[in-house]
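Per-chain numbering from 1; labels A, B, C and D assigned in written order.
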Amino acid sequence: MPPPPTEAVEFVEMAGHIVDSLLLPKVLDAILSRGGRYHIDQFDLGQKQDDPSFARIEVRADTPEALEAILREIHPHGAVPTQPADCRTALADVEGAFPDGFYCSTNFRTQVRLGGEWVDVEDQEMDCGIVVDPEGAAARCVPMASVRKGDRVIVGRTGTRVFPPESETRRHDLFEFMASPVSSERPKAVSVREVAQAMRRTRKAGEKILAVLGPAVVHTGGGELVAKMIRAGYLNVLFAGNALATHDIEQAFYGTSLGVDLDQGLPTDEGHEHHLRTINTIRRLGGIKNAVEKGRLTSGIMYECVTHDVPFVLCGSIRDDGPLPEVVTDVIAAQDEMRRHIPGTGFCLMVATTLHSIAVGNLLPAAVKVACVDINPATVTKLMDRGSTQTVGIVSDAEPFLRALVSELEKS
Amino acid sequence: MPPPPTEAVEFVEMAGHIVDSLLLPKVLDAILSRGGRYHIDQFDLGQKQDDPSFARIEVRADTPEALEAILREIHPHGAVPTQPADCRTALADVEGAFPDGFYCSTNFRTQVRLGGEWVDVEDQEMDCGIVVDPEGAAARCVPMASVRKGDRVIVGRTGTRVFPPESETRRHDLFEFMASPVSSERPKAVSVREVAQAMRRTRKAGEKILAVLGPAVVHTGGGELVAKMIRAGYLNVLFAGNALATHDIEQAFYGTSLGVDLDQGLPTDEGHEHHLRTINTIRRLGGIKNAVEKGRLTSGIMYECVTHDVPFVLCGSIRDDGPLPEVVTDVIAAQDEMRRHIPGTGFCLMVATTLHSIAVGNLLPAAVKVACVDINPATVTKLMDRGSTQTVGIVSDAEPFLRALVSELEKS
Amino acid sequence: MPPPPTEAVEFVEMAGHIVDSLLLPKVLDAILSRGGRYHIDQFDLGQKQDDPSFARIEVRADTPEALEAILREIHPHGAVPTQPADCRTALADVEGAFPDGFYCSTNFRTQVRLGGEWVDVEDQEMDCGIVVDPEGAAARCVPMASVRKGDRVIVGRTGTRVFPPESETRRHDLFEFMASPVSSERPKAVSVREVAQAMRRTRKAGEKILAVLGPAVVHTGGGELVAKMIRAGYLNVLFAGNALATHDIEQAFYGTSLGVDLDQGLPTDEGHEHHLRTINTIRRLGGIKNAVEKGRLTSGIMYECVTHDVPFVLCGSIRDDGPLPEVVTDVIAAQDEMRRHIPGTGFCLMVATTLHSIAVGNLLPAAVKVACVDINPATVTKLMDRGSTQTVGIVSDAEPFLRALVSELEKS
Amino acid sequence: MPPPPTEAVEFVEMAGHIVDSLLLPKVLDAILSRGGRYHIDQFDLGQKQDDPSFARIEVRADTPEALEAILREIHPHGAVPTQPADCRTALADVEGAFPDGFYCSTNFRTQVRLGGEWVDVEDQEMDCGIVVDPEGAAARCVPMASVRKGDRVIVGRTGTRVFPPESETRRHDLFEFMASPVSSERPKAVSVREVAQAMRRTRKAGEKILAVLGPAVVHTGGGELVAKMIRAGYLNVLFAGNALATHDIEQAFYGTSLGVDLDQGLPTDEGHEHHLRTINTIRRLGGIKNAVEKGRLTSGIMYECVTHDVPFVLCGSIRDDGPLPEVVTDVIAAQDEMRRHIPGTGFCLMVATTLHSIAVGNLLPAAVKVACVDINPATVTKLMDRGSTQTVGIVSDAEPFLRALVSELEKS
């Protein structure tokens, strides 16, 4: 069968631990899935486990469009055209939008070719565009809403390359175990130990530990455990919502969380109002920091954040009552506020929150290790679907997990 | 045993179907739970099923504070002091906050006593305060953030009364069946039929049907089914988020939803970019309405909303990419925008969304019937916990449920 | 409207705390739901909280059949005909089956009228029939498969009465808190404390504590915690399946559970065989007890059971490998074996097992309090649906829950 | 660093599509994970997509034991020693148990070397041993409980080889799409279409379609849909439990399922007894077949099975009431009965059952394609963990899924 007259061809290269990291198999699979064909032009297999491999692959497809689709798909797996050229840019012609054909970023380390040099992209974040600075010497990820008219935005894949993490690298990294599958049926003491070790290593490396917490942390009685971790220097930045902060302060004011007495466990109809009265009181006092300074708020997670200079970002959501004065009610402003705190973060602990976990997962570069703890396997799965190489999911219960974690951290 | 010297006493009255609606038992139970004692002073039991009952109950507690707590708890069950007085108010002294001791609203029909007259509270909504107009002739629910300095806000329970729904009433109402328990193991054809009947009745009554939809409606392939309901006049207002609208438009543009081909079901890495490119295109076009008017968007849920004058509110969340220009990124503004569309609503269909369902559930008065469909029982349970008398939960899968619903609606 | 010519009437009586226990409202509701009508003929409301109430209710329905259906439904709520008569019996004419019209038991305390005397039914268990002894002096619950030809089996409801638990009773009983709703968002330390108190009280009362355990107890690393409870005398009978015992012994033999190393958490393909080799070894040794006696099995849950004379019943299921020699592979024989161990049981702790929890829940009389711990809310809900007054559900993670429970038990 | 004195070495070979099927990467990864080292001695990469590849790998480990562990782990991925020898056997010395060191089977096609010839193993099933016939000419999988003293059982891996499915093969096989991740957010119409196509192809190939059904099929109202599929010849064997059959017959007798009216959806307390009365009636009639023959059972799934000669196996479980006479109460006997029906099966549809799905999944060879439909993602995940290459998981609701499937099947 002769090739179709419009058949299109391109050569791509891959290098590194491309076999045991599954990158090469994934690329070959992707070519076949999208109806393409391949021919391995050159293949140097690293014979020992530490040797890198190299492959040059001829990719063919029936039409230039089909080929383009294949190349776009294999690019994030590290397959780059053999003939490098500088990246191409277009000027943004609309505020808050990219030019058509803009390059869409991943959360993997990325380089772009500027003036013949490969340059690391700054502020790596997924689902952004890449803007080149006016001098053409640097490039950084920019979210859509932050684009300004006249920005030089990279279009197409030419002159870009991605460094997907290799599984072998991962293996010797923060987490020694805990592969992808999400299950509640794992030895829990091991998960706790691994997270504690990751937190100690991060602290020792002078990097920040970021906590993303949902209100169930307080409802299940874990507030004091988080407070302990803050006092011990194990939580350095806090991202949460109105609910976490409200129920934490409600506990300080009334001893209840959403009206449930945390000592007796007795729910009361009347207690349901506590969270509203809490918010109202804090609004009357002019905010959480004021409440601490005026001596009205004297315990809990938010109190410890204020007294230990742990910055916090409280992001608004449409289900919020109130909200507390510190809550950033504009969601785009809230994302930007979170972005400001991410540089320098080495580890992120997410507990009992779906919305905030996914939002923060979108912002983190792949190099930041994440442990996501939730009693609902669906939450853990959702997060891991979006960046499996960096996240370990732990299906467990907030308070008992935190209790075990604090006691493990105290051992050291 | 003599009564403690500080023992406090109050008489309350209840009227209506208080036995078979469980209101009286709940009140007696609440008194005992909180350490109080009761004495049934007078009890006239309706002898036939349609006769109302009446009870006067003496409530005692060890301290005035304990009595107050009991009265606060039984008040929403319709137990009001026998000696009515006008409601008391205090002037708001802080922008965006209530005075201390403010009355906290439920979503049940409520009356307040003004100048000796019982007056219905307008804009009934849970977790609000009640503001009396300057003339002292009317009262309405106001959320905390909307309070203005100088507003006359009701404090305490004096001069307020609540009309909780009676279960017997409910029985002959919109839903003929479907008691509280949430289970996936119910006959699904019956659920579908009941929802269809509620929608027909609502339309016949000249009331609006409100849809609250999550992106899984589109991911599972239900977009065209929703479009059909809009065309048939069965959805009159839409509340959703950036994701639902984006994936709906992505399907119109690319035939995919989050990059999954809706005809083939094949996920593609490259397709992951489709949603970003979709948002970017709509931003470049100046919004969804513009995209329809310019002939660029020609099918799908959002297209039908625009062409059939179905108003929609797209509420922002911190996990949003972009977002689309119509998205209200300030969450408090988004709540207000939703509030504007609630009057006149007779039925609300929530499908496959936790965040929006709970947010809307908070805004709806108890008189609006709600059907909440989700494949995750936890979502359904969460919503029903907050207003069980008005909500039926249906644990089912979005697309197949909508398919059966559309075919049931077409029968009529 | 004149009554239909076939209208049927019956008088029933109820006594006790029938208002605040919700029994009366439930009965009235049931009459209406099934199309009947009622008239409260007499009603003496207990005026103080400790006074019992009394109601005589006239029940009407359009046909005798409809009336019969109503009476059958309200009978388990304690509504008995005003004119008592002796119970009626029929002789079993088929081995292993009841006569038609047999009385179907609940798990509530039940009495039958024999020779003018109300007699307590023995071996109370739901979904059984009641067999009267040849002398007509005693009666006991008998499962269908155990019926022998010639047994005198009670038919109809005449001469039977049920004592449903009253909620007020429950309140001051084993569990002080934890109402029906199942949620993971509860203060976990309180749940743990309540279960520990129930276990201490049961032991002090000289009653047995029954544990029903699933394999996730071992997978999550909780085996040693259960072993501790056995050594401390807090678990007196064990019901489980082949999997729990196998993975417990696998841990003793290989240090793994389903091939996952419980110290390292590392899953291995090869380790998957461990459970099969474990079963094979125990079969070669002639069973678990032999393995302990021969000094081959020296640690773990099963080891502690053998050495501390804690009887165990291992019930077979169709997903079993092997199975271990002690497993009762006939499911009806397994039920009978479990029944033998239930008398004298005061408390039952179920952890991480759906099948066994529901099976045991079916066997227990309502007087045995049950705590059901599972990370999956659906399991907890399923069990509570079948006997809500006696069961508290705790949505939590097996190992961390057991760790907290053991440490709470050690405090005393 | 000189090699440790005890270093052990072995050469293994792999052939086929070992790169794009991920088999080679998995083997290399496994060697490293278990502390081994490798050297690729020879590697011939298939240059075009249809060319097979070949690799000879030198595997080294610190000790013979470590090497043995590595070889045991990589063996199921198709890595076999370069120097083949005949398999080794040992005589079973205990009834119902294998000799120590027995070879533990997978569900992949396997060959053993007998008298210098590679012979296919019959009755391929996971977690069994392999018994060689007395003539030494054939071999078959045998479950532990079926071993007889004197059986020649294969020990060790020598002379055995496994043919794991290659992903490329899979791609062009029964399912065109639906990769491993389990999500409810998939286009449902595509899943339905794929299952329908698989069923048509299976029927056309003259192979059997096996259905494994849980009681929720009936509870959700799907009984008549299954009956239709039986009448249309799309279900050829049925595996289920006492509950599915009981509730199906309950529907035929009373119009209810677990007491819930399938037309009205109204649950009734009294109806709860229906399932017991149903079982009792069938026991009195001498079984399901007798009930059909006597004209007492005239509709439903079981009725169609009897009248269309569709064999069924009803397996007992400890939560069964009754049970129905046809239920096999001994679980090992039930497994054997199911095994008898598996040969000739080409496709298996599992709906709404965890226990039976996993039990049947354990029995099926990897070549039988499976679609597992459940509303609970955990069930689907559990099954797929045990044999991901053959099973597609569909998170959906039983009745609506079956309704769509039936209507898709009727299109052809």
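By definition in this document, contacts are C-beta pairs under 8 Å (C-beta built on N, C-alpha and C of every residue); 3 or more make two chains touch, one makes a residue touch a chain.
Worth saying up front: this structure is predicted, and the values here are computed from it rather than measured.
Novice: A-D or A-B: which has the larger count of contacting C-beta pairs?
Specialist: More contacting C-beta pairs are found at A-B.
Novice: By mean C-alpha position, what chain is farthest away from chain A?
Specialist: Checked the centroid distances; the maximum from chain A is C.
Novice: Roughly how far is chain B from chain D, centre to centre by C-alpha average, rounded to an integer in Å?
Specialist: Distance between chain centres: 45 Å.
Novice: Taking each chain's centre as the mean position of its Cα atoms, how many Å separate chain A from chain B?
Specialist: Spacing between the chain centres: roughly 33 Å.
Novice: Measuring centre to centre with CA averages, how many angstrom lie between chain A and chain D?
Specialist: 37
Novice: Mind pulling the chain B residues that touch 2 or more other chains?
Specialist: 33, 266, 376, 378, in rising order.
Novice: Sort out for me which residues of chain B touch chain C in the complex.
Specialist: Against chain C, the touching part of chain B is residues 19-22, 24-25, 28-29, 31-33, 37-40, 43, 45-49, 167-168, 171, 181-183, 377-378, 381, 385.
Novice: Can you tell me which positions in chain D touch chain C when the two form their complex?
Specialist: 30, 33-34, 69, 72-73, 76, 94, 96-98, 100, 102, 104, 127, 143-145, 266, 268-270, 273, 276-277, 279-281, 283-284, 315-323, 329-335, 338, 354-356, 358-359, 362, 376, 378
Novice: Once bound in the complex, which stretches of chain A touch chain C?
Specialist: That would be residues 176-179, 184-191, 194, 215-216, 219-221, 257-258, 260-267, 375-376, 395-397, 399-401, 403-404 of chain A.
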